[in-house]
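Each of the next two complexes has chain A plus one more chain, namely chain B in the first and chain C in the second.
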Partner chain A sequence: MRLLLALASLRRNRARTLLAVLGVAIAAAMLLDMVMLSTGMRESFRQLLLSRGFQMRLTPRGTLPFDTEASIAGATAITDGLRARPEIDLVSPVLGASVHVLRGDSSITTFAVGVDPSAQGDYQLASGRDATAPNSFVANDDFLRATNAKIGDTLRIAAGFDPQLRTHSGERALVLAGRARFLYLAAGQLAIAIPLRTLQEMTGAAREDRVSLFMVRLRDPGRIPDVKRWMRSALPAMDVISTADAMARVDERLSYFRQLSAILGAVSLIVGFLLVTTLVTVSVNERVGEIVVMRAIGVSRAHVVQQIVLEGTAMSVTGALLGTGLGLVTARYLNAILSRFPGLPAAIDFFLFQPRAAWTAIGLLTACGVLAGLYPAWRAASLPLARTLREEAVA
Partner chain B sequence: MTVLVRARDVRRDYPLERDAVHALRGVSLEIVKGEYLAIVGPSGCGKSSLLNLLGAIDAPTSGTVEIEGRNVGTLGDREVTEFRLKHIGFVFQRFYLLPILTARENVELPMAEAGVPPAERRRRSAELLRYVDLGDRARHRPSQLSGGEQQRVAIARALANRPSLLLADEPTGELDARTGQEIISLFGRLNDDGTTVVVVTHDESLARAARRVVHMRDGEIVQDGVPHG
Partner chain C sequence: MVALLLALQLRTITIDQRLATDAHLRVGDTAVISATTGTDGDSVTIAAIVGRRADPSEIARSEYRVHLHLDQFQRLIGYGDRVDRFAVSTRGDAAADSAVRAINAAAFGFRAYRSHEIAVETSETFAVVSRFHRAIGVITIVASAVFLLCILLLKVDERRRDVAALRLLGISRRSVMLSVVLEAALVSVIGSGVGVGIGWVTSLAVNWHYQARYQTPLRFALVTGDIVLFAVSLSLVLGIVAGALAARRLVRTHPLVLLGR
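Up next is the complex of A and B:
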């Protein structure tokens, strides 16, 4: 009966209830988006780092992967030394360089990674074959669009360019073996992957037996602290970055987003709360007579409170459910815009949907609905019966 | 004869900023089971204040009100609410039906509050609506009913939990003479069927229909006897 009364009360003024539910839905959508934003990017970055199972990165001291042109000498010996450790399951040496695809008088500059195809963790092959042959390479869709190249085509690619003489060096004819999706590159960035040895040869003596970073996968992730300690003592010229270290750096850089989303989330929650409180208060004030008569004929104070709280809760839950759908749609749209943020991997999601985020938003708004109904409910249930009946009769 | 209501030296003051309004000045009254009592008097004489005390929706400033042997002034909010629910039926001048519910649902409301099972509620509400000659209007909302019909639904609601005492505050006040007469007849029928009825009224024909009339003035009972005329 209480639920029937609550729903009937909401139906009494349909337009007002609808507007309130829409208002709550917008607040819920914003809250959900802010919860998704505050946790999504971090979680998305963590998933990206762990997507190929590599838990550690070794970079030239004081740099982040591909932040600078700095490289590590003696790559073969270091690779062998790392692979000899029983805790280490896989080592992927990676060299990054800019290369030029020669097309008559012009060229297209692209980013290239030199990898060991059997141990690489930079891309996922989408079609064709991997770049296992020394004169082969794989490329991403942006590269294929820019060059109009197709799998099987042979392209002339140079590693060096002298802008004064306008000549290229380290030129090779390479066969496009496959199409790949690169995990760590920004949206729209042209990229290819070449066997490491080939790229080292193309880049000449300056990059001979050098790499930009090592990616390391351990058999047991619990051994990360031990291996990190060993690496720091055995390889002092390098920074050892575990996924946890990288996440700490990401957290530092994303603190702005988190603060912004926390503030906007709190604002939307407060707006939702005030909206429901106002609407329930107005509705209660309109039917003071009815409420007092209900109390007079024997409806308990607790049941009056429950009925009014149910009204606020019903509005909040309906708004929150609608808002979840709305929030997911807007998050998708906003994500598409923010994914073009310069310097960030395209695979990063700013608004990563996590069921926990949705439950958090719905839960917070439901709690708000309950709290929003409590004040007007308490006021209505506390009205002095005789005096209010007299006032109502006079009115 | 069993005394159903006993009010002893009841006073009710409404405090103002510097003074107080003395609505009741030491009223004593006994109502026996099966009685049909009308309380009459000029506006502001304390009729409704007395009715509120007899119905346990207000507490006296001093004195006691016992209903079925229980001093209702000593009950807490929860107990007194439950007491009203199970022992007292109220009829108001302005009907006060919930506009969002049908006639049947309005009648079922006190029963639902009392924990009566749904099937029993439906059976009893249908029976009560037939009793007040509204068996065919059960699905109608208050806005689809005339004033007299709304008051009859309110009477059916007041009878829902088989109260031992039915209190009515100006029940014909909002009705035309003919419709008011129908309500007066209904109260007579209810009393004939054993319900104790107390009405506060300005309506002389309603007061004449009662078996006993209490006249009030300035917060006191000035006359208590059978109706004239």
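Up next is the complex of A and C:
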């Protein structure tokens, strides 16, 4: 009954109600986007880091993976030492380098990772075979498009280029064994994976027995603090980065987006709240006579309060539900813009949809709707009956 | 005495403010720099601490910056008599174009670029953020337009009794409509003026916060004449439209109906 009365009073001014619902919907869309932005990129990055189960990364001191050209010497001994630890399940040494695919007089530059194919965590094989043979490699779709290469083709690949002499060094004929999807690389980035030993030999003495980083998987993730402590004392020239450390660094670099989402989310909530409050207040002011008549014929104060609060809540809930759909559309659009960040892994989503985000946005706006209706409802319920009836009759 | 002589012989470097703060270094301090950790390096004297330039490409990078003498740096990293790039100053835009053409025609193993081409390339991150801001701006404008339209419709609708009284006194429909539209326009202009003031104060706070956060002289929020003009114009247009729509409905309704009789 109360809900029917509330809906009837909203229907009385359809244009006004529609505009208010539209306003709340846009506020809800913005709020949902901002909730998705504040939690999505973090969750997306965490999922990416843990996608192959590696919880720790070891990099040259003061650097992030592939942030600089710094490398770690004595890779074989370190790998053996790490694999000997009972807590460690898997160790993946990785060397990153730029290589050149030679095509007549020209060349195509691509990023190459040197990996141990049996322990790698950098790519997922999509078709063909893995690069287990010393003279084989796997490549991503962007590479295949740029070079028009097919599985089974042999390509001449060089690791070095002297721009003054225009000569290549470390040249090898490698067979394309398979197609792979690289997990940590930017969209559109050409990439190949070569057996580690092959890439080290191609890059010459400067990279002999060197790697860019180690990826480490523990048998028990609960042992991360202990293993980290041991690594820090045993390998002082390296930074030990756990998933939590990497998340903290990402948080620091992307703090701007979290602050922006907090500010815009708060503004959206305030706008939604003000809109509903204004509308319900005006609507109540217009119906003062009607409300006091209801009170005079015996309708309780609680009934009046509930009916008015329901009006605000109905507007907010309808707007929030519409806004959820609108928010998902705008989130896709905004995500497409931010995914063009140079160097950003293609798998990272700034606006990751999680049901919790949608429920948070709807819940916050519903709470706003309830709060927005409380003040006008209290004012309406507290009207002095006799005086208001007399004033309304005179008016 | 030996230390003094040693200090006189040391080469000098400059470091940026962030490194000076984090490593507690001051002008005149001696430091050791090497190409890789754990290897022998050169002792140097810190000659100056320099501020960071307003470079968008460096904004999210928390790296330190050190300037060394070229020959010392080449020796330290085993780079030989090589450089990564030359910066060339020319006399005017036309000279820059002809210099780029001449160098690229004769160059062997390197290429010349104009500074703005490099700037476009290196500020790609900032360009993405800028596109994101524009998209957010469009959504905000749509939201504020709906909000404004709603509020102004309500404001005009509240005047139904006044309008009825004016009409009963014999004031023409046109005059009543004009007065209502004028009132809505005035409310819009005053509101947008207050909004511009709030925006300006907010931009000061945003710049203060982010300049300190990223230790950069870059300005993050700018209130320009174009932005103010756009905000006030949009608000005025919406005010007039909302006022006209509501006023037209009011003047078309019989005054007694407006009074509820």
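Quick notes
In this text, the second predicted complex is superposed on the first by the 395 of 395 C-alpha atoms of A that agree within 3 Å, B and C clash if a C-alpha of one lies under 4 Å from a C-alpha of the other, contacts with A are read in each partner's own complex, and residues count from 1 in each chain.
Operating definition for what follows: a contact is a pair of C-beta atoms (placed from the backbone, for glycine too) under 8 Å apart; a residue touches a chain by one contact, two chains touch by 3 or more.
As the structure is a computational prediction, the values presented were derived from the model and not from experiment.
The superposed arrangement places chain B and chain C next to each other on chain A without a clash. When the two complexes are overlaid, the chain among chain B and chain C that reaches more residues of chain A is C.
Of the two partner chains placed by the overlay, only chain C lies in contact with A:333; chain B stays clear of it.
Using the contact criterion defined above for the overlaid structures, shared-chain residue A:27 touches chain C, although it does not reach chain B. Legend: residue contacts after superposition of the two complexes on their common chain; A:308 is shown touching neither chain B nor chain C. By the document's definition of touching, of the two partners only chain B reaches A:298; chain C does not.
In the superposed model, A:253 lies in contact with chain C only, and not with chain B. In the superposed pair of complexes, A:190 makes contact with neither chain B nor chain C. In the superposition on chain A, contact of A:241 is made with neither chain B nor chain C.
With both structures placed on the common chain, the touch criterion links A:88 to neither chain B nor chain C.
Across the superposed structures, the minimum distance from chain B to chain C, using CA atoms, reads 10 Å. In the superposition on chain A, none of the residues of chain A is touched both by chain B in one structure and by chain C in the other. Residues of chain C that touch chain A in their complex: 36-38, 60, 62, 108-110, 124-125, 128, 131-132, 135-136, 139-140, 142-144, 146-147, 149-151, 153-154, 157-158, 210, 213.
In the complex of the two chains, the chain A residues touching chain B come out as 1, 4-5, 8-9, 11-12, 289-290, 293-301, 303, 385-386, 389-390, 392-393. For chain B in complex with chain A, the residues that touch the partner chain are 48-49, 52, 55, 57-58, 77-78, 81-82, 84-86, 88-90, 92-94, 96, 98-101, 105, 108-110, 112-114, 157-158, 161. The part of chain A that touches chain C in the complex is made up of residues 15-16, 19-20, 22-23, 26-27, 29-30, 60-62, 70, 162-166, 237, 252-253, 255-256, 264, 268, 271, 274-275, 278-279, 282, 330, 333-334, 337-338, 340-342.
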